[in-house]
Each structure stands twice: as C-alpha cells, then as structure tokens.
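A, B, C, D and E label the chains in the order they appear, each numbered from 1.
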Amino acid sequence: MLRGTLHQGDTDAPAATENVLAALAGSAFFWLDLDDVEPDDMVKELLQTHFGFHPLAVRTAEQFSQRPRLDEYDSFAYLVARGADPDNSGTAEVHCFWTDRYVVTVHKGDCEALAQVRERLRRHPARQVAPPQIVVVYLVMGALVDSFFPYLSDFDDRIDALEDDILKRPTDAQLGEIFDMKRTLIDVRKLVAPQRDVMATINAGVADVPGMTTEASHYFRDLYDHLIRLSDLVDSYRDLLTNVMDTHLSTVSNRLNVVMKQLTIIATIFLPLSFLTGFFGQNFAYMVRVWLSPTWSFFVLGIGLELVTVVALVILFHKRGWLGGPTV
Amino acid sequence: MLRGTLHQGDTDAPAATENVLAALAGSAFFWLDLDDVEPDDMVKELLQTHFGFHPLAVRTAEQFSQRPRLDEYDSFAYLVARGADPDNSGTAEVHCFWTDRYVVTVHKGDCEALAQVRERLRRHPARQVAPPQIVVVYLVMGALVDSFFPYLSDFDDRIDALEDDILKRPTDAQLGEIFDMKRTLIDVRKLVAPQRDVMATINAGVADVPGMTTEASHYFRDLYDHLIRLSDLVDSYRDLLTNVMDTHLSTVSNRLNVVMKQLTIIATIFLPLSFLTGFFGQNFAYMVRVWLSPTWSFFVLGIGLELVTVVALVILFHKRGWLGGPTV
Amino acid sequence: MLRGTLHQGDTDAPAATENVLAALAGSAFFWLDLDDVEPDDMVKELLQTHFGFHPLAVRTAEQFSQRPRLDEYDSFAYLVARGADPDNSGTAEVHCFWTDRYVVTVHKGDCEALAQVRERLRRHPARQVAPPQIVVVYLVMGALVDSFFPYLSDFDDRIDALEDDILKRPTDAQLGEIFDMKRTLIDVRKLVAPQRDVMATINAGVADVPGMTTEASHYFRDLYDHLIRLSDLVDSYRDLLTNVMDTHLSTVSNRLNVVMKQLTIIATIFLPLSFLTGFFGQNFAYMVRVWLSPTWSFFVLGIGLELVTVVALVILFHKRGWLGGPTV
Amino acid sequence: MLRGTLHQGDTDAPAATENVLAALAGSAFFWLDLDDVEPDDMVKELLQTHFGFHPLAVRTAEQFSQRPRLDEYDSFAYLVARGADPDNSGTAEVHCFWTDRYVVTVHKGDCEALAQVRERLRRHPARQVAPPQIVVVYLVMGALVDSFFPYLSDFDDRIDALEDDILKRPTDAQLGEIFDMKRTLIDVRKLVAPQRDVMATINAGVADVPGMTTEASHYFRDLYDHLIRLSDLVDSYRDLLTNVMDTHLSTVSNRLNVVMKQLTIIATIFLPLSFLTGFFGQNFAYMVRVWLSPTWSFFVLGIGLELVTVVALVILFHKRGWLGGPTV
Amino acid sequence: MLRGTLHQGDTDAPAATENVLAALAGSAFFWLDLDDVEPDDMVKELLQTHFGFHPLAVRTAEQFSQRPRLDEYDSFAYLVARGADPDNSGTAEVHCFWTDRYVVTVHKGDCEALAQVRERLRRHPARQVAPPQIVVVYLVMGALVDSFFPYLSDFDDRIDALEDDILKRPTDAQLGEIFDMKRTLIDVRKLVAPQRDVMATINAGVADVPGMTTEASHYFRDLYDHLIRLSDLVDSYRDLLTNVMDTHLSTVSNRLNVVMKQLTIIATIFLPLSFLTGFFGQNFAYMVRVWLSPTWSFFVLGIGLELVTVVALVILFHKRGWLGGPTV
C-alpha cells in the first residue's frame, strides 16, 4: 500500500495511487511525499512506471544511509538530503525528485522535518517570489539542515566543561567522552560537507536544476550560508577537542610530576633517617660500649643528628621550591 | 596459449586466437577478457599486432601492481582499475582497453569480480539505455570498487572495540593493531583516490572516452559516488585511529599516575613507620634504660605513635582525594 | 521608535521616520545608521516596506551573531561585517544594505566603530575620488576590521611570556591559558576568514557590488590586505601555541626525569647502606661474638664498608653524568 | 676543453667543438651531452655564443643543486631534472636545453642515468612514433625519475622492521633512524613534487614545449604517472613514519607502566614486611619480655603475621590483574 | 630635507628636490631611491604632488612593517618587497613605485641590498635585453629575496646538531631553541609566501605591470624560482623541527624508562635483603636462642640466604634483558 501525503493547492491528502495519478495527469504544481517504510515495490513501481524517472535514480532512492548528493537527469534533479533526528533513528534522510512541475520526496518512517515543512509551506513569504518547487526543496532542505544546530548546540558547553574537569582531575572516562564527541563530529561532517558542496555547485551555476531563477538563487545561497556555518562549527569543535586531548595528557603528566616529587621528598627524608637509626642499631661491641652508652650520645647522635638531617633537607627542598606547590 | 573468455551476444566462449580474430573482423560488439598469468608473449602479440593498440599501453598492460589511471589514446581509452580481493592475493587489478566497438580486459590469475560481471551482464537494466562498452566498463569497475566495502566494513566495529579495550587495559599489541589498520587504510586510499579522480575527470568531461553519452554519464556518476563514499570512509577511519592512538598514550599516562599514587601512598605510610621502629631499635643505653623499659612506653611510643602517624597520613590522603579512586 | 542616525551632506540628524522618508524621496546620497536594539518591528517595517529590500535580506538583518558574508540582490548588496569590541559585548556586528544611492547599516546597541566612521567621514581624502557609498562601506568595514588588531596585539608577548614561564616551571594554569587563547583565535578566525573571502570575491570581480569602479577597487584591496594580515597573524599564533603546548609536555617530562634521577640516586645510596646497617644489626650469635666484638671491626666493617660504598656509588654517578645536572 | 658526447644518427662521438659546430650547421637531429665538471667557461661560451641560448638560462645551467623546473623561452625549453644517484654524490642532476632540432644536456661528473639512455636510445620503440627530441627528453627524464624507485624500495621493509623492533624494545637509536628516514623523504619530496608539477603543466598544455604532439603527450603522461606514484609513496612513508614515532612514545610509556607496577609490587610487599621485622626488633622492655619471649610468639608474630601479609597482598594484586602481565 | 639617491644614465647623484624635478621633466629613464628616515612630509609631498601617485599608495608607502604585496594603479604599480637584514633591524623593506618611465623606491635607514643593486646595475647583462624599469625592480627584489638564503643557511646544520644533542642528552634549553627557530621560520614564511604569490600573479599574467614583455617575464620567473625554493626550505625545516620536538619527548621518556629500571633493580635487590636482615634482627627469644646461636646458622641463614636471593634476582633480571642495557 502506498503511504504518504499529496500536497496540492494548500491541502494535504493521503497519497493513494489514484490521487497521485490524477495530480500527475493535471497541470497544477504538487508535492508528493512518500514513506517507503514497507518492503513492497509500490514506490519503485510508481516512480519508475508512472513518473518515468530513470531506473538508476529510482534504485538509489530505495537505498537509505546515502551520502548527500545532487544528480542531474534530463528532466529532473535527484537530491539526497540528510539531517539530524536525535529522537528517532539519529539521522533523517530525504530523497528528492524535483522537476519543473512537481516535487517527489521519499523518506522512511517518521520524519519530523517534513511535518514542519508542510506547516510552514502555507504561510511562507517565499511563495510570492520563487517557483513552487524551489520553495518546497528550500523548506525541506532547510528543515533538515537546521536540525543539526540543536544537535551541536551543547558541544560548546560540553567542551568547556570537559576542559575544566580535566584541569581539576583527569580521568579515563573523559578520554572516552572525547572519542565519542570526535566520532559524532566526524559523522556530522560527513553529512554536512557534501550538502555544502551541492549548494556551492548550484550557486555557482555548475549544476542546472529545474526552476532555477535569480530569485531562487537567493534561497539556495541562504541554505549554503547555514551549511557553511555548520561546517565551521564542526571544524572549530574538532580543533578544540584536539586541544582538550592534549590538555589531558599534559595535565596527567603534570600531576605525575607532583606525585613523584612527593615520593621523592618522602624518600629523601626517611631513607637517610632510617639509615641513621639502622646504624645505631648495629651490634658492634665497640660502638655499643663507647659511643652509645653515655647519656649525651642519645641526645646528640640519636636525636640531634636526625633533626639536623631533617632541617638540612627541608632547607634544600625549600630552595628548590618543592614545598608549597600544588598537591594534585 | 591464450587464456580468457570471449563474451559476445550473451554467450561466453574460451578466448582462442581464431575466435578473437573472427570477432575482431566482425562488426558486433564483444568483450574479451584475457588472463595474463603465463609468461609468454601471446597477450602482448595479440594486443599490439592484431588489435593495434599503442606499444606504450600494451607494455603497461603487462605490468601489474599499477596505480589506477585513465590514459586516452586516439582510438581507445586505457583504464587501470583496482579492487580488494582478500581471498586471493589481497588486491584485484584489471587493465581495460576500451574502444567504440569492443572492450578488452587483462587480469592475472583468478578474479572474482570479473566472474560476477559476466553473471550480471545478461540481465542488467543498463543494457537497454547505455552503449554496451559503457555497461561492461561500468560493471567491471563497479564490481572492483564495491569489493572494498566488505573489506572496510568491520573497521568501524574494530575501532570501537579497540577504543574500549584501551580504556580497559592498554597494551603494546593494540599499538601493533593500530599500525596495521593505518597501513591498510593508506593502501586502500592509494587505490581509491586515483580511481575517484579518474571518475571526476570523466564526469567533468575533461577526459573524452569512447561511447560517452549523457545517459552513460549517469553510470560514471554512480561509480564516482561510490568512490567518494569509500574515500570519506577511509578518511574518517584514519581520523578515528589517530584519536585511538592518542587515547592509548593518555590512558597509559593516566594509569601510571594511579600506580605512582599507590606507590607513594605505600612509601609515605611505611617509610615513617619503619623509621619509628628503627628509632626504637637503636642501642643507645640511655634510651633503652629510661625510655624503653617502662611498660607504658611500649603502648605509647611503640604502638600509639605509629597509630597516630597512620591516622594522620590517612586523613591527609583523604583530604587530597587519593583514596577511593580507580585502581588501574 | 526608530533609533539611529541619518547622515546626509556632512550633517548628522536623528533617524526619525519622516527624515528618512524625505531623504529616500530626494536624490542626494545619504547614509542611514539604525540601532535595532528594541524588539519592535519598526526597522523591519522601514526596510521592507519603504526601502523595498528583499524579505530574506530583511529577516537576516534582524538576526545578529551571523557569519560575515556578502549577498547580491538585484538592486542592492547585503553585507554582514564583524569586528572586535572588547569593551562591550566582545564582538561588533554591522549589517549593511548598500545601493547605488544610499547605504543603510543596522547594528545593535553601542558600536564604537560606527561613531569613529562618522568622525572620519567628514575629512577623508577618499571622498574626492571614490563614490560615496564605497567610502562609507570602506570606512565602516575598515573600522571593524582594524578593531581586531589591538585585540590580538598582546598575543605575541603573551605567547613569549608563556613559553618562558613554562620553561621555568610548567603548571596546569598555563594549559588553561593556552586553551583560552586557542579558543579566542578560533573565534577570531571564524570572523576574519569569511570577510577576507568576501573581499577576495569583490576584488576578483566575481561579486558585482553597487558603485564599483577601478578607483573603488583600490579601497577594497586595502581592506583585503588588512584582512589577510589578520589571518596570517591568527595562523602564526595558533602555530606558536601548538608549539608552546608541546613545550609544556616536554618540559614536564624533562622535569620528571630530573626528579626520578634524584629519587634513584637517593635510593641507590641509602638502600645498600641500610642493608649494611641491617646486616650488622642481626642477632646471629657467631657474628656478634666473632665479627662484631673486636674494636677494629667497627671502624672497618661499620664505618669503612659504608664509606667505600658511598664513594663507589658517587664515582659511578659521576661517570654517568648524573651529578651536577639541573635540579628542577 | 669540452667534455661530453655528441649523439647523431645512432653514433656517439666525443663532443669536440668542431664536431658540435658541424652538427649545429647541419640540419639533422642531434643530442649533445656536456659534462660541466671543469671550471672553465667553455660550456658557457658554447651555449651562449654558438647555440644562442638566453644568458639567464645559460647562467642557471652552470649552477647545480637546483630545484626541478621548466622555463619556456622563445626558441627553446629549459628543463632541470633530478634523480637519485646513491653510488656517486647522492643525487643526479641534468639541465636540458631542448629545441625543435636538437637537445643539449648539461651534467656534472659521472651520471649513470645518461649512460643508460644512450644504450636504450638505439632500440627504443618510441623512435618510430615520436619526434626525436621528445624521445631523448623522455628517456633522460625517465631514467632520472626511475632512479628514485630503488632508492625508496627498502623503505617499506625498514618501516615494518622498525615498528616490530619498537614493539619489542624501544631505543633511542630508533628515533635517530626515524629522523634520518624523514629527512630523506623530505629531500626526495623536494625533488619529486616539482618534477610532477612540471609534467602536469606540460600535460595540461599550459607549457608549450618544442616537438609536442598528441603522440608525444603519451610519453609525458607516462612520466607523470611515475612521478605521481613516487609522490604517493613518499607521502605514505611519511605517514607511516609519523605513526612509528607515535608507537615509540606509546610503547615506552607502556613499558614504564610495567616497570612501575613491578616496583610498586616489590615496595608494597617488602615495605610492610620490613616494618614488621623492624617492629619486633625494637628494644621495648615490655615487648621483649612479654610478647617476644614465648616460643609460640615467634611462629605466630614472627612468621605467621608476615605470611598473612604476603598472602593478602598477593590476593589483592591478583584481583587487580597486576600479576601475570607482560614483563617488559 | 630629502635624502636618497637619483640614478640616471649610470651615474648616482644625491636626491635633491631640484634634481628629481628635472629628471621627472625630462624623458630619460631614472631610478629615484628615497630614504624616508626623517619624520617630515618631504617624501609624501614629493610622491603625491609632483609624481602624482594615488594618495592611498603614498600613505601606505610611509608605513613600514608591511606584508609584501603588489597593487596595480592606472599608471603605476606599487610593490612592497621584504628581505632579511640581520646586521641592522632584522628585516629590510623596500616600497617600490614603478611606471613606464621611472622607478621610485622608498626605504628607511640603511639598506644593504639597495647599495648592492646600484653596484650591479652598471654591468648586469639584463640591461641589453629587458626594459630598464624591469631590470631595476628585478635587481632590487632579487637582492632582497636572496638576503634570506644566508639567514637560513645554518638551519640545516643547527637542526642536525640539535637532533644529535637531544639523542645524547635532552634538556629544557633545547626546547627553547626549537621554539625560537620555529618562530623565525614562521616570520620568514610570512614574508616569503606573499612575495612568491605576487610573482606567481605576475607570471600568470593576472597582474599587469608596467614594462612587462616576454623577455621581462624570464626575470620574474627567476625571482619566482628563488622564492619557491625559499618557501620549500622553510617548510622542510618546520617539518624537521616538529620531528626534533617529537624526538625530544620520546628520548626523555626513553631515559625515564632507563632510570626507573635502575631504581626498580636497586629496590628489587635491596628491599628483600633488608627484609632478611630485619628478620634476623628481631628480638624473638626463640629465634635468638634456637636459630641464631649455632655458628652454621650465620653462614647459612645470615650470608647464604642473601647470596641465594641476589643470585636469583640477577638471573631473573638477566632473563628479562634488564642488565647491560643503556645507562642514560
């Protein structure tokens, strides 16, 4: 069964085959949005036989998880647009056939962005100035592109929080989080960069798309501007994350230094002291008899010598600035 | 002896010299696939004398392990295409001479991709719309290009598993695995990037290949799209591997910190305690006689002093947050 | 209420609606500077209804924090220019509509740069040679661009000071400072690079802006030169900061080495000595009776053996060059 | 005295001045190869006065260690080609003047590559199809370019061996070797990249060289293909070396971790044990009299307590997985 | 007062105002070199009023420390050229106005490069073939460009020496030196890269400069070649310095490993030995009476047990390859 929505003259109707064929037979502009969620060949049949789209394009339109791209055919343009959809499967994907007289979009399952478009389409000022297929494509693609912004919006704060956390106390968990964020940015970049290039191609007039007018080009330039801002964002976040990673390593090394200084201070104080106590714990008859038996020798050798050692070492550490530093 | 297959009018025949010459003398399209596994000059002789290909192209066609490329000659195009072939020698390589009337491919040993092509050729929809030499080249190159996808498909999971492993317990073996994966990606990149550039050249119309039509260009664009997805994949895996490498170093440093903290805690507790026991193990007559002989002194100096020291150090460590942390 | 300044014929007047409409009705050049700080629709109304600017441009002009860019429309050019404004919100932003006959700029709140422009406009030599709209745009954009220089001017010294500090004593605080400086540079780069590209587009003649003459192009080239110097500055500071970060890590590692050498020296000297004193502290009857009772044995075994050990170790350390090195 | 070889009509003669002038006066193609090893002005005189080459080109031709490049003059092209020559001075360098009627090459000292060219020139198939000056330039440049391949051929194995070595036992010597290999690659890259660009310029038809025909362009494309393979090789080796360097650092850190764990295990076992022996070595009268005199106390306190401590610590280490790991 | 030199017809005269005006009134080529060291407006007055240069160019010519660039005006070209001048202020800077009939250069203070140019101008072979203004510009810019070579010439040796030093003994001072060299390279790059781009623009014919002929282009190509060699040099030195920095870190880590191994060896040998001596130093009555009183027990327990321990540990270390390695 065909699932989807047929939008014509400001009204939405379910996309039953007979409606679609009637619209196709007429001469008014329409937008057909198909949901290709069921594994039957209805969509393929409709697109290939009745709409007469090229088999290569139709076959591609049925495969999801594609790289965004624009293919020009004789009578239509085929566009793959991607967006973020954190509530559902993570990413949204719309395949768009676009001719001089109608626009056909194919998606899979729920697609929040397309619902928004139908809402906005009725009252968007672009309707007065630009051809209707451009308005539909602009709104669909705009909704998908803008869906990345909320997705990335908390990165700024997360990176700052991560940097602060690391300077306070670096942990392995932070490394995992940096890795996850980098992976997300790489994934977003793979979706954003080709869409930006598609828009650049259209704006430069290299690709020739149906309904293109000077007026229409203002809208594609607007999309391009959003995409280039997204790609700037992704690049700067990646740059900052690399820096955060370096900060992690340097902070850990710094802390190791502090720990090792403390160990060295402890060892440098107690190893000599223990040597002294060990020395006077020996059983040499002469030492026991001559050196250790007078009362004064306990206070001079047993306590005084150790105090002198401690004081000398503390002065030495103080001179080197090892005392009073950070304590991890 | 000539080894190979002559494909003409949907039937495959062994590529005996007389068959080939008959096909060459006729006017119907044919595809000759030669297996240049034996070190005789049959292939060279055939290509140069009977087909009349340029000596430079023929000489190149006999050397394998080449960089993918497209050379245009007056009457034919010479294409080197590469794929993955993990079951056999690791990579597949097909040299393709391609004219207005026939296609000659040269490979060495078994080539899984070409067998698939012969199978698919009979029932591929492209036959209806595109010139036959384009269909053959498209299917051959498509089979080679797509052979990289299964080869790379487990990288995603391997990289995630590696990252998790490293965060659990970093080892030297992981470094070796990262190195091997990076080397594989560099090798794949060296094969994919030039094929992508060849396709870009054809699509931009810079290279002029036999049988090129608007219709045909859709097929080359499809190949280009696959290649650019491959090259995106390779780039993002390399990026992630660099991150995994950094994670390894940072995790190791982090763990070193934990180990050193433990050593420092142990040393900071036991070195002072050992000093105290050493102190009261000295043989100073005065100390033994006056300090150590009363019973209370054992409980106060011998045990109490040590308990106080331990409690004081534990409180100190607790304040610094050294206790209760991770234990490597 | 409309807030802003109407500059016409060297005099400034408050931008009351009636003044603006009068200027618009006349034929003399004017520059209208609007302050869009209040959330009413006066500015939008004025720009869209009376000036007749494209709705897309007007809608964009009301959103601040935009990426610098130049959009060409049929009858006007729309330019987003950004500058630094450390005293106020951090960055300055001016949206500029620019036609053959007038220039309209929109900003939000106080904007130091625009005040300067009004001052300089009266006596700038460019007035004699270039069209008035070019002079206004040149001065506005010039003031914004040059506002980055004082902002970056202390980076040079700060980086040098940081490097010296780190070589003296590396701390975590320096890592935080490096991160902050990198973030600032990334932010400045995001504002400077697109403005540089806008100027390059204008200079290359790709963008066609109102009032462009050969004479005018000298002024845009001047702006381009300032922007490319800024972007060179940012790049070299980023490069140096990366180096400073590496220096930090290496210095810390170096210092760790020094600390560990000292710990090793201490342990290597005192562990053997403590073993010797422990050895002669044992209660073996034979040792106490035969070895430890003669007077000479104390001086030979108790003192001599330890001195020999110390001397031997000091000689060993000296040979390895461990003594006399840096002391952190 | 003039040193060199005059090649004309398949025969080689010493390049005496009179021979050269005779060849120059005739109309047949010749190739003059000059050895500019002696510091007289014969070569300069000949090139400038008799051949009439531009003074700038002649002056340049006498300075060796140049960056590869192609300069077009009115009547000739001037090409600097570089190769590897590990047996002699390390690099080979040929300066090539190339007109419609003859080719003059200038080198210094022995040049293995040029000797090969004279050998191959007599029987190369290109002679039948391409203009003679193209054949000479192709063979000379081809011999120089291909001389890099054996030079780089052992890099692959050396890098793998280095990686294995480092994973087995990282040393400082390996760092020195990585540095030397990187330096070599940088040097090769400085020679290969400009030659590749020169070939790209010729192939794109940007540079107009004497004797250029469609046929000739096949040969330059062949050179280009070799150069781009070289530059791919250099890039991938540099990439791998960077990875080897990172592996070195990570392996060293990993090993440090292992060493430190062992130190910590040793210290964690023996510091408490030594504390216990120290405790019962104290001279408190009460302890000696009451605790240490019963026979059972030796087995319980002296031996049992220590065994319990050791067993408890071994269990602890076992739980943390510290035992049975790698041992550096 | 006007300071400078007027060069006309092979003679140099002081640049008095009347001489300059006479030359300007005549029709012969002249080169006026002005020294703008004094803060009066003589130079500005002369250039703007009498020579009639554009105010923007004149204003720029009075500001030093500029980025190299070429601005084309209607009747002249304005070029900023930079060089190294280690003996004076560090960098040399010449601003050059250049028309069809004369060249005016402006510099500040002593400029060694310009003195050389006046010397070489009289006898340079370019005079016969190229327009005089090209010869002056070529010689001025050539002298400035070539001044970078001696400046960079010792970098090669310094980098090698640094690498060797670091492998021998890494110190903090080397980090400072690496930082200084990187900063120098960044500074040189900022001067060289734009000059290289200016030359590329002229050679590609994008910039149209006075007196440009095919002949003249050979000279600009020569400058371009020098600049691209400089920029290759800077890039390869930066690359090597990055490697030296990495070597430093890895060497330090390696050494730390060696130090820690030694500490671990010392601790692993002496902690068990000290435990044994501590054990037999305890005051358990039973142990003293039964175990320690026989003579054999001293040799077996007191000495034998310790020897066995040492021998066992040495064998263990030997097996792990810890002995005989490097000693920092």
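FYI, contacts are C-beta pairs under 8 Å (C-beta built on N, C-alpha and C of every residue); 3 or more make two chains touch, one makes a residue touch a chain.
These numbers come from a predicted model, not from an experiment.
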Length of the line joining the C-alpha centres of chain B and chain E, rounded to whole Å: 38
Cα-centroid distance, chain B relative to chain D, in whole angstrom: 23
Touching two or more other chains - residue numbers and ranges from chain D: 249, 253, 256, 260, 263, 267, 271, 274, 278, 281-283, 287
Category of the chain touch graph - line, ring, star, complete, other: ring
Cyclic ordering of chains (reference chain B, direction chain D): B, D, E, C, A
Chain C residues within the chain A interface of the complex: 54-56, 60, 67, 69, 71, 73-74, 169-172, 175-176, 178-179, 182-183, 186-187, 190, 245, 248-249, 252-253, 255-256, 259-260, 262-263, 266-267, 270-271, 273-274, 277-278, 280-283, 287-288, 292-295, 297-299, 301-302, 327-328
Complex contact set, residues of chain B against chain A: 125-126, 129, 163, 167, 214, 218-219, 221-222, 225, 228-229, 232, 236, 239-240, 243-244, 246-247, 249-251, 253-254, 256-257, 260-261, 263-264, 267-268, 271-272, 274-275, 278-279, 281-287, 320-322, 326
